[in-house]
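Each of the two complexes below includes subunit A, the first together with subunit B, the second together with subunit C.
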Partner chain A sequence: MNKFPTIILFFLLHLASIFAIFPERMMVSASKGHWMPVAIIFLVELLVVRLYLKALSKFPGKTILDLCSDAAGKWGARLIVLPLLVFLFLEVVLLTYYLSVEIRTVLLPKTPTYATSAIFVALCFYGAWKGLSVMIRASMGWFILFMPFILFSMLISIGNFNVRYIFPVWDSQFSFLWRPDFYVGTVIFAGFLFLGMTPSHLRIRFGTAAALVGVIFLFALTAVYVPLLIFGQETAIHFQYPMLMASDTVDLEWVVFDWLPSFYVVSSSGLGLIKVAVLLSMLMTMLKQLYLPKAKNRWILAVVCLFLYAACQWIPNAKALDKFLYINSCLCLYSTIGFPIIVYLSTKWRRKEVRA
Partner chain B sequence: MKSFRVKIIAVIMGMMVLLEGCWDMKDINKAYLPVVMGIGKGSKEKYKIILEIPDAAGKIQFLEKEAKSISKAIDLIRTDSEKSINLVHLRLMLFDRKVVDDGIRDIIDYAVRANDISIKGMIAIVDADFDKTLYHVISPTPEISTYDFFSKEAGWTPNQSLVTIWEAYRSQNSYSEDMAVPLLQNGERTIYAFKGTAVMREDRMVGKLNREETFLYNLFKGNYSGGTIEIAENTSVLIKQSKIKHHRHWSDKGPSLATDITLDVVIAESPSGKSNVQIEKEVRDQLNRNFEMTLKKIKGYRSDVLGIGVMYRPQLTEEQIKNWKSKWFPKLEQKINVRVNVINEILIKDEAHLDQTFIR
Partner chain C sequence: MQHFDPEIVQSLESGLQERFHQRSDFLCKHVVIAGEKFKAYYFRTLVNLPKTLSILNQIGIDRKNDLKWNSIHSMEVDAPVSLNELYNHLLRGKLILLGQEGFVAVIEPEHAELSRPVMSPNSENPLQSAFDAFTEDLDTNIGLIRKKMISDQLVIETRSVGSQSIKKIALVYLKGTTLPEVIESVEKKLEENAHHELTTVRDLTQILGHPKFTLIPTYISSELPEETVQNLLNGKVVILMDQFSFAFAFPAIVSDLWSTTLDVQYPLLFQQFLRTIRGASLLLSVTLPGLYVVLNSVNPELLRIQLAITVAKSREGVPYPSLIEALLVLLLLELIVEATIRLPKNIGPTITMIGGILLGQAIVQAKLVSNLLIIILVASAISNFALTSYMNAVGVRLYKYVVLVVSSIFGIWGLEAALVWVILYFASLTTCTVPYLSWSVKGKTADE
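Presenting the complex of A and B:
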């Protein structure tokens, strides 16, 4: 079967991070040479994706969950996957909260967050309920619907660029490695985890994935550099939503374009929606397969969504969001770097066992 | 029966999604949409806010209140007004000169922070009687808006400086540039008259450029379209294109910048018998002289309105950029060299080469 939809979903899930959280954190993490943290993140991703896909390609019919339980037994697998579960849940909560606040700030200032996030969660619930394969197919529609918005809101402000704000371009001390915000940026990795859960006929090869990571890298660079080139580093770090502010600087007389940030919010929340739905369906599958084999899928999902909604209401302010993002970045490092390595090692170890 | 129920549920869900946008919605007929906000010094309180609201009939309504903060003043205006007030269409913020003397940082911060004010709005300083300028109304024609005065698609010329809220915000946070804000007063038959440009250092006004100097400022920044240079009586040229090249040097003494500006001009008016070469020379000499004076003046203000720090960014370390305004900019040696080229895109030939056979 055609693997094109998987490629598109991989691309969209990464773009979702690029349109939320990622550029802002990259800007704060480095005071100069912003391409360096971005490049390092993507190099690491390339490496991890390689291990992950290599492990999966050896056992075509199996998902990562099967691999884990084969290698470490039922309880071992539960232990290995637990942090991943927590990470996925936190990631989903934070993204939902971030997006509902963004929608509230820009589009619907009078609508309370509980209403916007209720609909957001309901839509994600529907998506996740339909399952991963459907999401993969739906991503084609998403791509056609949102790509024009995405490109438009990224590139509309090109007229206000001042290229000299790129400088200085080299950070010889790699000072960003010591800033927690750099590690928050690793949330972008969550976009490849779904590859391990797809039916094997939809899996992509490493070559394709590498090319995709390259394309996404360009998008990420654009997202980081658009606000930088317009406002300069000193100013851009003050903004909660730098990309959004960048699109607000454009002055077009035509009435349709009077409020350009709405284009950004539409694409950002559309991408967020698909990411949350995919992560939820992963969460559901993991819970079902490893922890609650007797429960029905839709009930697991409903309970998770209820928790998600409640957690979104519970986060009091942006400061708390920040705190959770820092906590989540530790889990993220485990789930996106540690976990694939564990999977890879376990497959290697198992192969030796089989040979002996 | 079951499919009917599903349809009903789907319709209800759809309504819920769509109607969410109407939460606490106020009808557009029930809202004032101000386009100009005047921020002056109050007689009792810190700020006096005047909102200018155009209506469909072409008249302008004014609302005014005083308070210690801008948003409180707007809140007070809202209290007394019959309709709600929505700032999404605010396009121009006018500051009283007296307010500017206290610094405009907080006001700009407010404008950027407020999520109903678009940061592409303009700012300007009123350098005359504040109330008189704000309340000045010309016989209304519905299609004139105050914003057109600054719009590059409408009434703007290179004689006027121009700064948007986001540019002001960038400048006041930037290590390497300062802003120039237009100075206005009420016009006789127009809404505003342009008085010059306020040179700011950080968020304080430190000096003033007149209209000619503002033109040079715009020329240096590359905003020249439609600019006219007058040399002598009956002689003026129109700038068609300008190329600007900066030669940057950095020595132990500090930065030095030599700028070559090449202007392609057409002769708009000239007395008969004056050759193109002569006009070229006159334009060049005059611009060079004026540039030199203007640069000296700007340097005296110690304000980097020309944004030269940004030009040096490629060569500087982060530390040097941070010290640009305090340490390096005062040491800057700057020179501008103008070259003029008359291109003939007009209907009359260069007369100097013709034989003078006619009665003169």
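Presenting the complex of A and C:
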């Protein structure tokens, strides 16, 4: 049993958020001490992952869906999972839209969005159709192919840092807690939910997960601080793609390429692809197991992908995207914090029942 | 040796005559062995009769003492039960003796010389290894493996496959090293499809239930016993086909694209270096033509301005879009590769010269394609052949076109999408219960 690919997938899914949506939200949410919201988010994640994995480890061989339906019955499980489904769908739509627009703006200004997002959705469909364990295996390939680009695009702009922008480092009022953007940042949590759907021999232990969260925390900090240290908070919050702008500030003599932000787009779209594909395959499994047991996997997926594609065309602009992100953050809080706690409590309750 | 009712022998005789009367190499001869008269039935092309007779005469046929028959190890005596079995024996090159008083014997004779001896390999060029190669004879091949690998864990199962024409195959694996699931799945498929005809390698993969359309071969073929032994040690199942001088190791995994088993003969550092080079060549041969089109026509702003100008300059006067340009030259390149493969060795260099030097030079000077394209495509072709086997290279050669077309439409994003698709495709492949993206086929280290 080699769990390495699972670890890699866990890592990549978080990186996907770090390369889209997460850093700009963190910057907007706090006016000083940006490491605080990031740290808080990761502490919460640590806690939730602990509960989630604990619940799963009690019942090896069962997925979260089995656990829910055992504890709450079929209809109860459907009710519990429904917000999660909506969250996953919205998340997938938003991410796809965000990345298609990014690809169009930076790489293909003349190609219409419907073409770039078509190929995006088609690839995700293919990945999700093949299933979660295929995605887990594929994550190794992803890692080898994209990691150089990821590191490159994160670190090239280090030369332009202005260290003074790091101050002030402490926000005594915790003002970010009152900003909705802080909660939008919790989309990064969606990266651990897949652990509950994997075959049990591929599950990782909490210790490993905790170490990973630590590594990811470092990456998240870098992603937030790179634009901050280059532009300063006042400027950075006005960018739609701060990381991308940061990589545009450098001019490397020894690279044959001039337009360095394309590296950023390549890595962020690659990561986005794997995240959307994994979330889609989760969505498919949930729909199949709880709502449509008779339908064929591939048809469910095809319909979901059609909706996804249509929804992406329907979102008019980035402003609307913001609105949806706010709506989605409530669902996100439920799905990534509430849901694991429910799963944990249900297993606890069930164990008592079994003992009695 | 068996005694039958003379009437039965009569019917056997007429049956044989009837069945094989149009086969000109089927003979019936009266022979005398140890003073007794027999009728010998055999295929002239498969049996060396004079030699067999002289051996039989030396031994002498003692019909009363069966022990003497058994003591001669090269002779095999079977009791034929039916006419059909006699046919099969004859077709496999045995000699049938019918005597007076209903005496019937099937004898393993001296065979006519039809196999070539063990020689050095023709399609592979090993550097530091044993140089003997497989031949067409199944038993010789098995013997070669046995000789290279002295182990009681080496299991060799011989089976016959096919209904109209029967093919002998041997299933070879190392007990305890090969995963039991892999052996089981191969055996199951062989049993299920035992009646399928087996004449080509594709038949073999179909019998094993591998998908019909794959981008990469699901097996590794090798002409070298040395390499086959390494494959066995790596936990693969090897299938040898009679009259086929290659061994097929199942299942292939992703690392077989860039590692040959003979690498282990070199120092570790060299091995890592060579494998890294091959890995890089895999990536280059897939992406280079696509990258050319991307940087030329879709995303030229990616390049540094000086370089972009150089690229544009080299295409000055070329009348068509870079995709067409690339496709044209690629087609020419494929033609050269195909043309040189089957040519006799003394004409091959001519084609290379015409294709490479004359055409390459002329096509650029005529401003039909750009200089840069020639460089790129040649680099791509060379890196393609740096891969470990010809079979792997063909798949990569094919996929190159997909990358080319997609990236001409979607630029760098298309290139990325094509690479992502191929990763997903590889991840979804599973042959003989082993996922294609595994580290190794051995024991517990395999994924899943």
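Methods note: the second predicted complex is superposed on the first by the 353 of 356 C-alpha atoms of A that agree within 3 Å, B and C clash if a C-alpha of one lies under 4 Å from a C-alpha of the other, contacts with A are read in each partner's own complex, and residues count from 1 in each chain.
Keep in mind that, in the parts below, contacts are C-beta pairs under 8 Å (C-beta built on N, C-alpha and C of every residue); 3 or more make two chains touch, one makes a residue touch a chain.
Note that the structure is predicted; figures quoted are calculated from it, not measured.
Enquirer: Is A:N162 contacted by the first partner subunit B, the second partner subunit C, both or neither?
Expert: So A:N162 only meets subunit B here.
Enquirer: Just subunit B (first), just subunit C (second), both, or neither: which does A:K319 touch?
Expert: neither
Enquirer: For A:K294 in the superposed arrangement: first (subunit B), second (subunit C), both or neither?
Expert: neither
Enquirer: Applying the touch criterion given at the start, work out whether A:G141 contacts subunit B, subunit C, both or neither, answering first, second, both or neither.
Expert: A:G141: touches subunit C, not subunit B.
Enquirer: Identify the partner contact of A:T116: answer first if only subunit B is touched, second if only subunit C is, both if each is, neither if none is.
Expert: both
Enquirer: Between subunit B (first) and subunit C (second), which does A:H238 come into contact with in this model arrangement: first, second, both, or neither?
Expert: Touch partner of A:H238: subunit B, not subunit C.
Enquirer: Looking at A:K32, would you say it contacts subunit B, subunit C, both, or neither? Reply first, second, both or neither.
Expert: In the superposition, A:K32 contacts subunit B only.
Enquirer: Just subunit B (first), just subunit C (second), both, or neither: which does A:G270 touch?
Expert: After superposing on A, A:G270 lies in contact with subunit C but is clear of subunit B.
Enquirer: Touching subunit B and also subunit C: which subunit A residues?
Expert: Touching subunit B in the first complex and subunit C in the second, residues 107-108, 111, 115-116, 119, 259 of subunit A appear in both lists.
Enquirer: Which part of subunit A faces subunit C closely enough to touch in the complex?
Expert: Interface residues on subunit A, with respect to subunit C: 1-2, 5, 103, 107-108, 111, 115-116, 119-120, 123, 126-127, 130, 133-135, 137-138, 140-142, 145, 201-202, 255-259, 262, 265-266, 269-270, 273, 277.
Enquirer: Considering only the defined contacts, which subunit A positions touch subunit B in the complex?
Expert: Residue list for subunit A touching subunit B: 31-32, 105-112, 115-116, 119, 122, 162, 164-165, 167-168, 230-232, 234-235, 238, 245, 248-251, 253, 259.
Enquirer: Spell out the part of subunit B that touches subunit A in their complex, as residue ranges.
Expert: Touch residues, subunit B against subunit A: 13, 16-17, 20-21, 23-25, 88, 115-116, 118-120, 151, 153, 164, 166, 169-170, 173-176, 310-311, 313-314, 316-318, 321.
Enquirer: Under the definition above, what is the set of subunit C residues touching subunit A in their complex?
Expert: It comes out as residues 298-299, 301-305, 307-308, 406, 410-414, 416-417, 419-421, 423-424, 426-428, 435, 437, 439, 444-448.
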